[in-house]
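So, here come the structures, one by one.
You will see subunit A twice below: alongside subunit B first, and alongside subunit C after that.
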Partner chain A sequence: MADILLEDLVKTYGDHEAIHRISCHIKPGEFMVIVGPSGCGKSTLLRMIAGLETVTRGNIRINGQCVNRIEPKDRDIAMVFQNYALYPHMTVFNNMAYGLKLRKMTKPEIQTRVRECADLLQIGHLLDRKPKELSGGQRQRVAMGRAIIRKPSVFLFDEPLSNLDAKLRQSMRVELKGLHTRLKTTMVYVTHDQVEAMTLADRIMVLNEGQIEQVGTPDVLYERPETIFTAQFIGSPEMNFIKARIVDQTLVFDIKDQGISFPAPDIELSNTENLICGIRPEHITLHGALDSGQAGIKGRIQLIERLGSDTLYYIDLSHDRRLTIKTHLNLPLQIHDEVYAGFSPDRFHLFDPASGKRLPLSEKIT
Partner chain B sequence: MLKPVHFKSSILPYLLVFPQIIITLVFFIWPASQALYQSFLVEDAFGLSSEFVWLDNFTALFSDPDYLNSFLRTFFFSMATASLSMGFSLMLAVKTDRVIRFATPYRALLIWPYAVAPVVAGTLWMFMFDPTLGLAAWWLKTAGISWNHRMNGNQAMLLIIFAASWKQISYNFLFFIAGLQAIPKSLIEAAAIDGAGRTRQFWSIVFPLLSPTTFFLLVVNVVYTFFDTFGIVHAVTKGGPAGATKILVYKVYNDGFIGLDLGGSAAQSVILMIIVIALTIIQFKYIERRVEY
Partner chain C sequence: MVEQKNAAFFFNHAVIILGIIVICFPLWITFVAATHDAVRMTQAPLPLLPGDRLFENIHTVLFDGVGNAKEQPVWLMLVNSLVMAMSIAVGKICISILSAFAIVYFDFRFRMCFFWMIFITLMLPVEVRILPTYEVVANLGMLNSYYGLSIPLIASATATFMFRQVFLTIPDEMLEAARMDGAGPIRFFWDILLPMSRTNIAALFVILFIYGWNQYLWPLLITTDRDMYTIVMGIKQMLEAVEEAPEWHLIMMTALLAQIPPIMVVLTMQRLFVKGLTETEK
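Here is the complex of A and B:
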């Protein structure tokens, strides 16, 4: 087990700065997931930890030791690549044994290690095969086997599940989590898939354009996103964003012809005219008609997606505004029906559109 | 699979392949069949009459120690040239693959020698190593090595091996560069993380993965040394001294056009033809079931 400390890490390619001053402490035994859209620098960051990319400025410390100038092989890490990177001319056995042979282990030792590891990953029957004779899921397991067999102090994963089909990805995800619980080794896992991030991580680092948006546990990221970017990125379907303003202690949605207001938080804001209110689709209720005294926004159902357990309603609010609502209730509604959306203000997230930051006291809305 | 294309008129497709067929007939089928026919004939010394002798020319060849000697010499020349040229170009390819700045100009420069005709390449090397005029020969002399490929058969052989290899380096280099670039970078990175140093990475990962390219080039190089090196030998040594560099293809010319033994020369060229056909078949067979990584 080792901890990884990133100190003001910068990476530039020519004039282009890909990573801007990233600092983070990954604790021993932690499962850290780095998530972000493609091109945000997450793979670069991982490759810098692995030693496959040089560090322009700043330090990487593994177990306290600065590894900036240390070769990948001497960093006591193992990495699983997106395309698996299995040696095509070697059998599964030799793929797994390669690293051990290079570390001058004896033959019987290698034999037992490979056996052990193959049993753990249930690939014992594949040891004599070449990678091209394996299915995607099997290759994935071999790639993982090649990493864990050396018992390194840090595992690095570069989108390891993105080449698998949805079902296999789900089951590998569960296995990976199980593996982490058993091995208790520090893992750094890069993905663009927020579901993978939420399900696997102890903590998530949300990366956008080479900068950290937020680092936190999946719960914190979901309940208390610090920026619009994080709010948008975490959660599926995406959070709804509605323009709003505060007038006379009330929060008013900026939707034409529809007056709806909520008690506003008692905060000093320099700008009360221009706010963004984020509401997750699962926190909006849907009604065919409004009861007396209930407030709601009127709209029309544009599209219904039935996922079995849940149903997604896409509501057209006129003037090109749209709402996504997720509910597990089976409502007798159809496309083009007129409906009302109901809100609970304690689920609102308020953001300042200029800075993209969460407004400090927005959780105090009652 | 290629899609079959349908022509409306039935003459057009034949018209389209006509030029190629004519070229093949005139420059390949006709001379080849002439050679085959000639190889069964013995002509009298004045070229006035010829006699059909079946396989006598061939049996004569295989009982001729001079011919068998030439065979061995060719084999040695071929192996030496192929390994020297391929080894050197592989080294260059690996080196340029690591270069990031100016990689394209480097590669373009390395490809130039391929545009040089064999005779010109041969002449170039002949001048450099000329015992009286050559710069390289002078350098060797100052280093205490007496160089005279016109007297020393081994030096003559060495010189044509160098000239022939130099000419082929570009071609091999090009294929090796392509082969290297087809190897996913992540494999090398995985090996680096697994603990392999540069040398180890090359021998345990890169070299095995290049083996299809290496095999292809081996066949191409052997074919080249067997058939395309006439110009070099002719320009540098003319088969000498004392037949030390008389490789098969040069002997065909020497026996036929200098020695005027048309039948014997034709029989030799038929044997060469059989060798190239065999090599081509091996090549095609291999490429068909080539291991795809």
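Here is the complex of A and C:
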């Protein structure tokens, strides 16, 4: 087990700065997932920790030791690549044993290690095969085996599941989580898939354009996104954003012809005219008709997606505004039906569109 | 529709059979000629069926020599050719795989400049630079030696370029995985790169071996010592009989023997050869 400390990390390619002053502490034994859209620098960051990319400025410390100038093989880390990068001419056994051979381990020792590791991953029967005779899931296991066998103090994963089909990805996800519980090694895992991030991580680092948007546990990221970007990125389907303003202690949605207002949060704001209110799809209720005294926004159903356990309704409000609503209720509604969306203000997230930041205390709307 | 199909079928096969005849008939005549004696070969019409002197002729050619080149038995020429072809093939592969390794995997100053310099030599085969090359080889005292026969032919860009293309298709992760496993550049080269380009090496070996075996002009120029004659130029020498008629049956036998090593190389490496030229998945 080791901890990783990133101190003001900067990476530039020519004039382009890919990573902007990233600082973060990854605790011993933690499963840290780095997530972000493609091109956000998440792979670069991982490769810097691995030692495959040089550090332009700042420090990387593994177990307190600055590793900026240390070769990948001497960092006591192992990495699993997206396309597995198994040596095609070697058998599974040799693929796994190669790193140990180079470390001058004795033959019987290698034998026992490989056996042990193959049993752990249930690939004992594949040891004599070549990578091209394996299925995608089996290759993935071998790639993991090659990393595990060295018993490193840090595992790095670069989108390891993205080449697998959906079903296999899910089962590998569960296994990976189980593996972490058993090995208790520090793991850094890069993915663009927020579901993988949410399910695997102890903590998630959301990266956008080379900067940290937020670091936190999956729950915190979901319940209290600090920026519009995080709010949008975490959670599927995406959070709804509605323009709003505060007038006379009430929060008013900026939707033409439809007046709906809620009690405003008790905060001092310099800008009350231009706010963004984020609401998760599962926090909006859907009604065919409004009861008396109930407030709601009128719209038309544009599309219905049935997921089995849940149903997604895409509601067309006026003027190109759309709402996504997720409910587990089976409502007798059809496409083009007129419906009303109901809100619970305690589930609102308020953001300042200028800075993209969450407004303080906005969860205290009552 | 069926008729059309039949017509196409007939036409295709006619072309194939014609092609086979064009290639095989001279070979057959060579073989037939090599099995008769000298007298039969001067009578018309020329025989179309093999005679009974096959083994006798083989023995004469291999150990006694033919015509003008009488003092040099053909086995010596075969050995010379073999040594030359092997050194050219092996030498070219060694040098070019190393230079391709340097160009693809190392980031040094003027890397592209070196690559283009190597590439430009494609335009300078031995035939173009034959006089200056002769001068250099002569000054280095390498005339009439295996070094002189092979070294000037080893330097060329084709193989370097091909290995470069092969290395570029190998994903970067392979190198990174090897670095993680603790392999340095030399280890990576031996353990990963070399086995991975095995089929390409085989394909290249076949091509280069035949290229070396078929060299005519260069050996002709730099070998004056009859002990250094290669088989391809040796055959030509046999034809230049001054006083007597050329011993056609023995010359044909030599030609036949000269074809055997390249055919053996192609046959033994056929599978790897085809794989190396067609395989793309790494």
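Operating definition for what follows: the second predicted complex is superposed on the first by the 366 of 366 C-alpha atoms of A that agree within 3 Å, B and C clash if a C-alpha of one lies under 4 Å from a C-alpha of the other, contacts with A are read in each partner's own complex, and residues count from 1 in each chain.
In this section, a residue touches a chain if its C-beta (ideal position, glycine included) is under 8 Å from a C-beta of that chain, and two chains touch if they have at least 3 such contacts.
Everything numeric here is computed off the predicted structure, so don't read it as measured data.
Once the two complexes are laid over each other on the shared chain, residue contacts for A:M79 go to subunit B and to subunit C alike. In the overlay built on the shared chain, the residue A:M105 is in contact with neither subunit B nor subunit C. In the superposition on chain A, A:L183 contacts neither subunit B nor subunit C.
By the touch criterion stated above, A:H89 is placed in contact with subunit B and with subunit C alike.
In the superposed model, A:L52 makes contact with both subunit B and subunit C.
Once both structures are placed on chain A, subunit A residues 50-52, 71-73, 77-79, 81-83, 85, 87-89, 98-99, 102-103, 132, 146 are touched by subunit B and, in the other complex, by subunit C. Residue ranges on subunit A touching subunit C, taken from their complex, read 50-52, 71-73, 77-79, 81-90, 98-99, 102-103, 132, 146. On subunit C, the positions that touch subunit A within their shared complex are 171, 173-174, 176-183, 187, 191-192, 195-196, 198, 281-282. On the subunit B side of its complex with subunit A, the touching residues are 184, 186-187, 189-197, 200, 204-205, 208-209, 211, 292-293. Residue ranges of subunit A in contact with subunit B, taken from their complex: 50-52, 71-73, 77-79, 81-83, 85, 87-89, 98-99, 102-103, 132, 146, 150.
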